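First chain A sits with chain B, and in the next complex the same chain sits with chain C.
Entry: the complex of A and B
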């Protein structure tokens, strides 16, 4: 009865699209990673591990791109989670009136295309005329004004900052829903027992919010490792290679016709994510009943 | 005690307003500068324009090919969303109901796509071979494919909460599988389909990377690519860049204001309820 009532071909459309556009390129990519495939020649030769050797060369820009991507990911996870949690608590317990308005305002940047956020911040971060430096000067903190996007040691942090500005509202909205799903009884019991605000946070809010925090972390992780638009429009990987990430490097190699290294880096990323995906599925799996 | 409480409340509201202001300031900035002359906009200041330059918008629409790009964005994101939600609902239904080993494997394979990245280099090859590169149909199919894993995941979890007796009864009464799904299950899926649709739309409307790789002709560009290109050409004229940005984000902001309850609950339902 099962097969007649629930025919497998129902899954055909999804499988076909997913297979053609995701699985086939991924498998092909694994093969092409070992070749010198490029835009300059119609011949493709087997080159063994040459592409991977180029990526793991200690002086290569590939390695620094990988480092930047990891730093970006870890920093945005930390910043977005902490700030979003603070705001979520503020808007669920501290601020009652107008709470919905504040929520909507803080989420607003998340509906804007990342690319456009980048264009806007090209202006905001302009060292001479930008809103950020003028505001700092206005309130007497001119000493903190920086060359936000062109200083090698700051540029990546500026990108991280803008990305946090854009994404924090999204995480906040999820955390608010998480906070609201914690039964009120726990808080009532805690307050009868005379627990302080801090104790309530560490012993009730945080443990009960853990599953949701895990989900937001996974979302931030998947986004962070693939970051492209924000970097591309703000710094295009510069100054030098200071803000190159995995995805901007792949695009750059692709544009330069170096398909072999581009696909090798993609495949490497694919294998890493494949391993991570088992962790991701486990995080998301047990919440069937909800 | 009361004084302490008042002080706390004031601090809380100050914090919330501060956060709101930080979110609004950059957006306010492009709105005022969109109406300035090129010289006045050079400093991108917060002050209001002396005489509003409404003509900026005309220039931008002309030069930025915004109308065409807007309709492209609508076609791509709506097309991709509808297609992915539809095929995902069908797939999630059989995979959730018919738990044979083969189906378990298909399900795992599909939702692995939530994490695994696209190989754009070999995907280019696939798009060339199938003749889908630089084509509107091609980008819609590709958009749909990228949204399938998460959509299947969400809809599958939702179908799991519906009693199986519903569709079994219909099937025993002689309904075909298609009819059972279409008239019994599909109507019940409405909340999760809305959530799914909202999330897919948000992702696809903002998509930039895939058009950058796969759409070379200007006439196929969505808004994001058109704005990027415009920004490259008119970087020295912040008034025009701002006007371009305003026209691009205005529809989003209007839709957001009108549909914020759907959007905010879609975002949280997608993550919290699963």
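Entry: the complex of A and C
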């Protein structure tokens, strides 16, 4: 018996739109990544793998952009997950009074436009007049004051820090939902058996929260690999190339009219994202659909 | 009649009332410059102008308000931070998203490569104002004999980039105006020893630090006659040129010795007047209208409290000649070409050109026939002391330099932060020139 509510052709409209606006541009982009397409000429020539060779040229800045993207992704996953988990536990089983207010305050940065966050933190992290360095100097820790956004060895970490500040509330909310779905019976049983807080965390909370943690990790992973706006507003990829990521580089190449290399890099990451998206779908699909 | 129908009718009635009231308000006659003008005829037309930060002066915005009062055409200025302007603009142009008017840096290479003016802009050769622009300046907005831009920019006061210095600080430490790079470094060292940061260099905008290199082009050409021609003919490279290497190394030395200050990488060009007025900095690489700008913003100063001397890399003593500045172009995808032309016509009328000169601290003159300049004693002393170069700055005289301005800025920051050598920066400039020349099918790059 056919249990479908609608006939298959009903999906035609959506498939057509998806095909025209997603699939066709993606395939065209893949094709253009093998050409010398640029804004400077109307002629387009086949150049084989030249654009990909340029991306993986050890002397180019593309590799450092890829390296920065990976570092950003790994660091933000780790920081957001650890901090958000700590806050989620604190606000579900530690702090009772005004916990909703604290949750709202921690979540607030997630709803701020990134442009606003960028403007605020450019000011906060200004080495001379910024709030951070001024506070450090005020409390006698002037030695810790840094050129947060302009020191090549620190700038990327500053961007990571600001992004963590903005994103931790969002992850925390998901983890709170996960924590609240764990039956209280387990904790009561553990308490009767005399389990310590640490044992309860390692043997009850963490294993039962693992599916949720997997989801947040995958979300952070996809976000991290696609990061653009936070870098763009805070450092614009600088100083020098110190904070360039894959997507700021693609944007730069497009705006310089180097469509060939830009499409090559975006095609490369399209494939990476496709594989990761497949992974996301596998992870998020409920087991019984198997 | 049920509740929802009554509600809908009520909403329509209120909306009609509001629309009716607002129509009455906007159609009221306006006055401009003390006289009653004709009633605006194009009330619902808004033309969008895209420009980089600092390119649109407050006086031009005032002029736009007067224009609206006369014609009803509203001008919406979309200002983008300078570090991102070229990326945003070129992305818009290349993706076919037109604004009505956009400003771009004039220059033959840029008009072709960065803006692709023949494909993106309207031919303005036959406009009434076209013949009143200084021919040297008009040439910078011209491609294949067609004029695509109106350069309403002071190509002397705002384009002659030189070292502005605080005369009082120089007098306090018995410093004299340097004539060589060695003397310049001695001045910087003395100032630094006395707790004064020698040079305010705003690097965070991404473009300012670049000025130091192309602005010295005429001196490079003087040291090696014919260098510009060789570079354009692909018979020379910056990396192989001794003077280019020296200039880039000297610039790097200024940064490494701390003469730009500890916060140069986060310093902003928009703060230049404020910082120079603070007395914490003694010099800055700036337009020769900087004194006027400081005096306008900080009335305790007179414009002549500041003096000017040529950028001293390579022992330079020449005034730079730089006829290319921001130029107004009309997008050929605009649906308001006629209105945009009307604005350019209005702005470039002799009376408004003079009004702009008289009301813009950054402008001492404008390159239009009949414009009266307002040079002060410091500026006149600069003109009297130093000879003007016989060739323009690099970005106007050598192809494929200006379109890579932002990249050069990034490469130079990499050099300042120890990630690239001066030679490497020059090699990157050469590589980018080759890329652009080949893409443009320049026959000198087979």
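By definition in this document, the second predicted complex is superposed on the first by the 278 of 290 C-alpha atoms of A that agree within 3 Å, B and C clash if a C-alpha of one lies under 4 Å from a C-alpha of the other, contacts with A are read in each partner's own complex, and residues count from 1 in each chain.
Methods note: a contact is a pair of C-beta atoms (placed from the backbone, for glycine too) under 8 Å apart; a residue touches a chain by one contact, two chains touch by 3 or more.
Everything numeric here is computed off the predicted structure, so don't read it as measured data.
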| item | value |
| --- | --- |
| Partner chain in contact with A:147 - chain B first, chain C second, else both or neither | second |
| Contacts of A:41 with chain B and chain C, given as first, second, both or neither | second |
| Which superposed partner A:210 touches (first chain B, second chain C, both, neither) | neither |
| Touched partner set for A:126, first chain B, second chain C, both or neither | both |
| Which of chain B and chain C A:189 touches, first, second, both or neither | neither |
| Chain A: partner with more touched residues, chain B or chain C | B |
| Which of chain B and chain C A:256 touches, first, second, both or neither | second |
| Contacts of A:237 with chain B and chain C, given as first, second, both or neither | second |
| Residues on chain A lying within both footprints (that of chain B and that of chain C) | 126, 232, 251, 254 |
| Touch list for chain A against partner chain B, complex | 1-8, 10-11, 13-15, 17-18, 20-26, 28-29, 32, 87, 90-91, 94-95, 98-99, 101-116, 119-124, 126, 129-131, 134, 165, 169-170, 173-174, 176-178, 181, 212, 215-216, 219, 222, 225-226, 228-229, 232-233, 247, 250-251, 254, 259, 262-263, 266-267, 269-270, 273-274, 276-277, 280-281, 284, 287-290 |
| Touch list for chain B against partner chain A, complex | 8-9, 12-13, 15-17, 19-20, 22-27, 29-30, 33, 42-46, 83-84, 86-88, 90-91, 93-95, 97-98, 100, 102-103, 106, 108-126, 130, 141-142, 144-146, 148-149, 152-153, 157, 160-161, 167-168, 171, 177, 180-181, 202, 205-206, 208-209, 212-213, 223-224, 227-228, 231, 238, 241-242, 245, 248-249, 252-253, 255-256, 260, 263-264, 267-269, 271-274 |
| In the complex, chain C residues that touch chain A | 83-84, 86-88, 90-91, 94, 113, 116, 203-204, 206, 262-263, 265-266, 407, 410-411, 413-420, 435-436, 439-441 |
| For the chain A and chain C complex, residues of the former touching the latter | 36, 38-41, 126-128, 147, 149-152, 232, 236-242, 251-252, 254-258 |
